[in-house]
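Naming follows writing order (A, B, C, D and E), and every chain is counted from residue 1.
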Amino acid sequence: MSVSLVEVSLAAFVILAAIGTAIFRDVMAAIVVFAAYSLGMAVLYTLMLAPDVAMTEAAIGAGVTTILLIVTIAKTNRSSAEELIEVIHWPAVVVAGTFTAVVAWTVFEFPTIGSDEAIAWSNPSVTQHYLTYTYVETGVTNAVTAVLAAYRGFDTFGEAVVVFAVGVAVLVVLDREVFT
Amino acid sequence: MSESERVRQEYTQSPIILTTARILAPFVLTYGLFITFHGADSPGGGFQGGVIIATTVYLLAFTFGVEPTSTWVGHRSMAILAAGGVIIFTGIGFATMALGGNFLEYAEFVAILDLPENEVVKWGMEAVEIGGIAAIIAGVVMALVFLTAGGYGPERGEEP
Amino acid sequence: MIEAVADRLLYFVVAVLLGIGLYMTVASPNLVKKVIGVNLMQTAVFLLFVTLAFVEGGSAPVVSQEAVAGRHASPLPHVIVLTAIVVGVAVTALALVLIIRLYVGFESLREDVIQEVRRND
Amino acid sequence: MSEVDSLRPLAVVLISLVAVGLIITSHRRPNVRESWSVLAAVGKFAIVASMLPGVRDGTVYVWRFETIVPHVDLSLRADPLGMLFALLASFLWIFTAFYATGYMRGLDEHAQTRFFAAFAASLSAAMGIAFAGNLITIFLFYEMLSIVTYPLVAHDETDEARIAGRKYLAYTFLGGGVLLLAGTALVYWLTMVHADPSIAFQAGGITELVAASDADPWPARIAFLALAIGFGVKAAVMPVHAWLADAMVAPTPVSGLLHAVAVVKSGAFGVARVVLDVFGVDLVADLGMDVVLAGMAATTIVLASFIALRKNNLKRRLAYSTVSQLSYIVLGVALLNPLAVLGGLLHMPAHAFMKLTLFFCAGAIHVETHTDDISDMAGIGRRMPLTMGAFAVAAAGMAGMPLLAGFVSKFYIVTGGIDAGMAIFAGALIVSGVLNVAYFWPVVYTAFFETPERHDPKPIVEHDRAPFRHFVSDGGDAHHDGHHGGPPPGGWEARSPLTESTWFMLGPIALLVTGAVILGILPGEAVFLDLVEQIVEGAVGGVDR
Amino acid sequence: MIDSFAELAPAILVGLPILAAAFPLLLGRLWTRIGWWISLVTTLAMTGIAAVLAYSVHVNDAVHHHLGGFAPPIGIELVADALSVWFAFLIAATATVVLAYTYQGGPRGRAFSSVYLLLIGGLMGIALTGDLFNLFVFLEITGIAAYSLIAARQHRDAAYAALKYLIIGTVGATLYLIGVAYLFMATGSLNMVDVSASLAGGGSADIGVPLYDEMLVRAAFAFIFAGLATKVALFPVHSWQPDAYSEAPDAVTVILSALVSTVAAYALIRVTFTVFTPAFFEVTPAATTAIVTLGVVSALVGSILAVLQSRIKRMIAYSSVAQFGLVVAAIGVATGPIPAEFALAGAIIHLIGHAIMKGGIFAAAGAIAASTGARTVQEYAALARRRPGLAACVAVLGFALVGVPPSIGFIGKWYIALGAVESEMWLVAVVVFISTLLTLGYVARLLERMYFILPEDAPSAVVTDGGDGVSIGMLLVVVLAVALTVVLGFLGGPLFELVDPYIQEVLHG
């Protein structure tokens, strides 16, 4: 796959935003940068032909998460920011760097991006089945919806339960009985 | 004193924001419903739609204040949305089993719907997306903001 | 080598983001930032899935009404990511609520301060 | 030999467990409580004895339960070897039950219910060991025995008792139990290689084991050592003997029945099981393990005798004597010669009768006079003539005087050792015999022929390096009541045998010492010799006397 | 009849508690105790269904429930085989029994009931799912429920423990998900059986050559193992467990210790043997070495740390780190070059046994704390006089934990040790023995304090609420655990027979 300039600059943007999130001492600043990071990711997802994911990331990653983070900060306090940047924790840099290196090392074994020979795409019984029979079997054309609600409806069931679980879990944590 | 007057007294905001929010809220809600209902053939679905519906309430909460908004929405409606969603989702799963199929095997609804099989599956999916997922997400995501904003005080039973 | 990297550019981005997320989780003294770090790691994995679903010259997975295989991105990883995003925000919400409780109890969001207080108990 | 399904082996084990429950429920009424002990003891002996004629005719009573691990049942088998131990322990419990009542009441001890309950449970475990049909079952009861005797050792609840208890658990449980389990696992694995695993005891050894160790002797050797040392811990074979002396902090009935009979003999009995019924004498010889085991036993016999010489606390001296004497049994078995095995096994009852007598005497002295140290006993023979008389007789038997129980067994071991061409081990026995005299005679001499005023220190025997250092008690249960014994200011008063102590204690002492004499004079009349011959015939081959 | 019911039972087992979890929120106002009763009815029904399912699987064959009617690898399946049914039954039965504990002992409230049921549903999903990603979803449901249940104790330390668990657990889940991504990249599939077949060269990917030596597959195993290891609480990612167990409400500790890590370890067994299969480890012996080493280190370090603790619940929690270390070591042994059936049996049986014993001990510790306020080893002095029954239960369970027969603890350790001998991994055998010694070290310390410290030496423990807070339900849980521990100790053979079909299947095809 040839790498487009848009892609490279987006990649650079998300990495810089991630670094910014990591090093800004002021939590509010970190949250704002993290929201920007999420939006960058959403654009990247669109570029990677995943509009559903992009929409969800924009609504949930950039939207709900940011709002919750801001509410949390409002309920607690902003870290006092005499200095702009966190002190760098070198042992952790080594750990994280090693982890990155190990993952990067395995990346060379990955199929190239967008290859139609990659088994993840070409598996006849899985991905190709969805792409071929979605309408015939489920009556919808958005294969993501079909996989989400029909083929793997049980995952989605679990996912909905996760959300419900958090609702009641928060009640338990805050020692309340109702949603207010 | 009417409910809206009390709200306005407790929480004064610039009239521009109030007006904007009032005008915007129905549109956001409509957009959320649109996304929810149109997941079948274009991007979107219960998750995104549910979140956007909840965002309407966020909008109101940030404009009119958390307390009045949560009173207005009411904890019971959120509980009914969240728990009802779970019941509908699981209920559909068990209903297909009662009809002789497996869990969430929508095709079994052929027995009660006079439609081609893939249409039946589609309606099953829609039911799950709207009645299950969107409801749960909307209910819980609304509740999360109210709960988080409500905070946790020592008066709530924290031991020293 | 350069070609091998260019062909897998986003995967390397994934590796770097994972590292940054892990660093924040391990090193950040502020609990809110720790939670953001966990979120960063998760989004990196989302990118991994989305990237491996991509197919060169294809389109989004909205398929035709006939039983023919079109060239679309694989929908399965997208579904995985959708699920994982929702799971992620759910966990984040719970973490933030716990943080609010911790702040009431310890009057700090810094892990080192909290540990100090706990040691003195 | 025929196997018969029977519930009797199970009943033997269970009867005292039932008694445990009854003892605990009747904890408010001491008389009822103690009668449960006695009833259980008599009942247990009766059931064991009821199987004796059958066993003598070659019947083996078997009870099986669910498979604990694949191919291994929980099973109890009353075979001749098991009968030997069961008969001995259950018979002696009857005496101990009476004696313990007198002892505990005489001292007005605390926690008597716990004591009697744990005591009864110990007997259950000992019976389980006796009748265990395979290595897993014996391991189960071995661990149970460790647990239920722990409360008895730590009975005093003093720091000393707790430390002794810890040491006891550490040795028997960790050292012993863990090694035993390791050995069991190895045997299981070895026999699994060729066929279905088999770890059930077979007279003459487990057949599959021979084939397995032909292929590679080392795992078999390690298994043997693990099992032998695992049981050796309970038999107090050196260097894993140290717990026994410390355990003497327990009340004397415990020291007597458990630490001279049931517990320690279960160790020696286990060694016999391993040699005779797991590996078999031929395989042990092939593996070259007989010399190792015999060497350890002989070293223990001599060294422990030397240590006993230097102990001033009577119970400690008896403890080291036990360490030494137990290794007679191990040595006899390890020599693999029919005569030696005969002697070793016969030493089990012989030593039991004599050592129990000695401990009961020490306990009676403690109850009556609170005296524990030999140096305080000058002239005590006047105060307690019957007790000390019995002591003298039993001590003579220990030393191997003819016409007493100890003589017969030692004679067979020595003869067997010479037959087997291992005269050096026979030599160890002779040396030990001399040392036995050396450490028992001073006690008898002090008791009968000295008075507190005319008491000469015996530097070699009783002192460390400094002959005039004041005696320091080195343990024993003298301190828990804050009263230190010794002769009253005017010296010991003279008493008649009829009034020297309670008959709860004197009765058992008199009967036991009589038993020891009968075993010595008429070994053929007591049932033990026949039983032992039957065992040896089954496991080693004919006895050529 | 039973067979056709068994076909549906897996979905009912997962769906029922989730459905029931919705009701306390809606009906709570009607009756204060409604949540508890809903939970009881649900878990009782689940226990019955799990028993029927287990019977059916035992008599007939494994049940595969294709969710949505789509056969794998297109859809997701629930699998009830000779391994998963026993865990399903364990989960349902334990959930029922622990409810008895919470009736008096708390925590109470409708939100608690909901979360409790969701926890059970999540665990059930992990036990029964046959899909790698679905496993992740249920891991997260379980996780969220577990985090919040810990924080149900309204104390700041509990919140801290919950957050620590949440962060470590979420990172672990993320690592697991990376592993799943790698496997998906290698095989294009998510169904466990299909992935396994694809790795062998067949399956839906049908590449024709085995993929065991691919870097992708090896890395996938490493990530999945690391992810599940955090959930199991293996050293060095165990640090959440002592905090979580000791800060949680007593009843929650019981359910956490009995089920949560246990089921994670079950997932590890499932992934190791069903997905990667021994063939993978034959090609990658380093993986076996790594698992065994981590397990062994965990067993030793956990035991040593347990000996050093002074608070009871912390001590038992570290003991769990050690016991799970043994289980993981046994899993490693079973992947070794010599097929070790006994090691795998040991891992499974010890896992179940540990759940019973630890649940029982924590329940006893909770009951003791409720009645006497004693929470440290110090305060347990002379407990035998104050609460003889509970002290005896602790003694029995403690000895069982050490591995004294007859007890389920002995059976588990016996199989593990035997497996180590069988596959000639002597190191593991030695570690089983050393950890046994260390276990006795802390158990004996406790017993000595309970039984052999005179009352006047004992510092008087603070009685929190003056009265005796022990309910019949609490005692029932403890007594049941003791009874099971001992009775199962006689049934090692039958237990082996129950899991043997699974072992034969994965080790010998």
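Simple rule for what comes next: a contact is a pair of C-beta atoms (placed from the backbone, for glycine too) under 8 Å apart; a residue touches a chain by one contact, two chains touch by 3 or more.
Being a predicted model, the structure only gives us computed values, none of them experimental.
Visitor: Minimal path length between chain C and chain E through chains that touch?
Guide: So the least number of steps between the two chains is 1.
Visitor: Applying the touch definition from the top, give me the chains sitting in contact with each of chain D and chain E.
Guide: none
Visitor: From the centre of chain D, which chain's CA centre is farthest?
Guide: Comparing chain centres, B lies farthest from chain D.
Visitor: Which chain has the mean of its C-alpha atoms lying nearest to the mean of all protein C-alpha atoms shown?
Guide: E
Visitor: Distance between chain B and chain E based on Cα centroids, please, to the nearest Å.
Guide: Chain B and chain E have C-alpha centres separated by 35 Å.
Visitor: Need the CA-centroid distance for the pair chain A / chain D, whole Å please.
Guide: 72
Visitor: I'd like to verify one number: the distance from the centre of chain A to the centre of chain B, where each centre is the average of its C-alpha atoms, in whole angstrom.
Guide: Here the centre of chain B sits 22 Å away from the centre of chain A.
Visitor: Residues of chain B that contact two or more other chains, please.
Guide: In chain B, the residues touching two or more other chains are 41-43, 47, 79, 82-83, 86, 90, 93, 103-104, 106, 137, 144, 147-148, 151-152, 156-158.
Visitor: At which residue positions does chain D touch at least two other chains?
Guide: In chain D, no residue touches two or more other chains.
Visitor: Using the touch definition from the top, which residues of chain A touch two or more other chains?
Guide: Counting only residues that touch two or more other chains, chain A contributes 51-52, 56, 60, 64, 68, 71-72, 75, 103, 110-111, 118, 120-121, 126-127, 130, 135-136, 141-142, 144, 146, 148, 150, 152-156, 158-159, 161-166, 169-171, 173-176.
Visitor: Applying that definition of touch, give me each pair of chains that meets it.
Guide: A-B, A-C, A-E, B-C, B-E, C-E, D-E
Visitor: Using the touch definition up top, name the residues of chain E that touch chain B in the complex.
Guide: Answer in residue numbers: 8, 11-12, 15, 18-19, 21-23, 25-26, 65-69, 154-156.
Visitor: Can you name the residues of chain E that touch chain C in the complex?
Guide: So the residues of chain E in touch with chain C come to 133, 136-137, 140, 143-144, 147-148, 151, 155-157, 159-160, 162-163, 166-167, 170-171, 174, 177-178, 181, 184-185, 190.
Visitor: Write out the stretch or stretches of chain A touching chain B in their complex.
Guide: Spelled out, the residues of chain A in touch with chain B are 51-52, 55-56, 59-60, 63-64, 67-68, 71-72, 74-75, 135-142, 144-146, 148-150, 153-154, 156-157, 159-161, 163-164, 166-167, 170-171, 174-176, 178-180.
Visitor: Quick one: in the complex, what on chain C touches chain E?
Guide: Residues of chain C touching chain E: 18, 22, 25, 31, 34-35, 38, 41-42, 45, 48-49, 52, 76-77, 80, 83-84, 87, 90-91, 94-95, 98-99, 101-102, 104-106, 114, 118, 121.
Visitor: With touch defined as at the start, can you tell me which chain E residues reach chain A in the complex?
Guide: Per the touch definition, chain E meets chain A at residues 18, 21-22, 25, 28, 67-68, 70, 73-76, 107, 109-112, 114-115, 118, 121-122, 125, 131, 133-134, 137-138, 140-141, 144-145, 147-149, 151-152, 154, 159, 162, 178, 182, 184-190, 194, 204-207, 214-216, 219.
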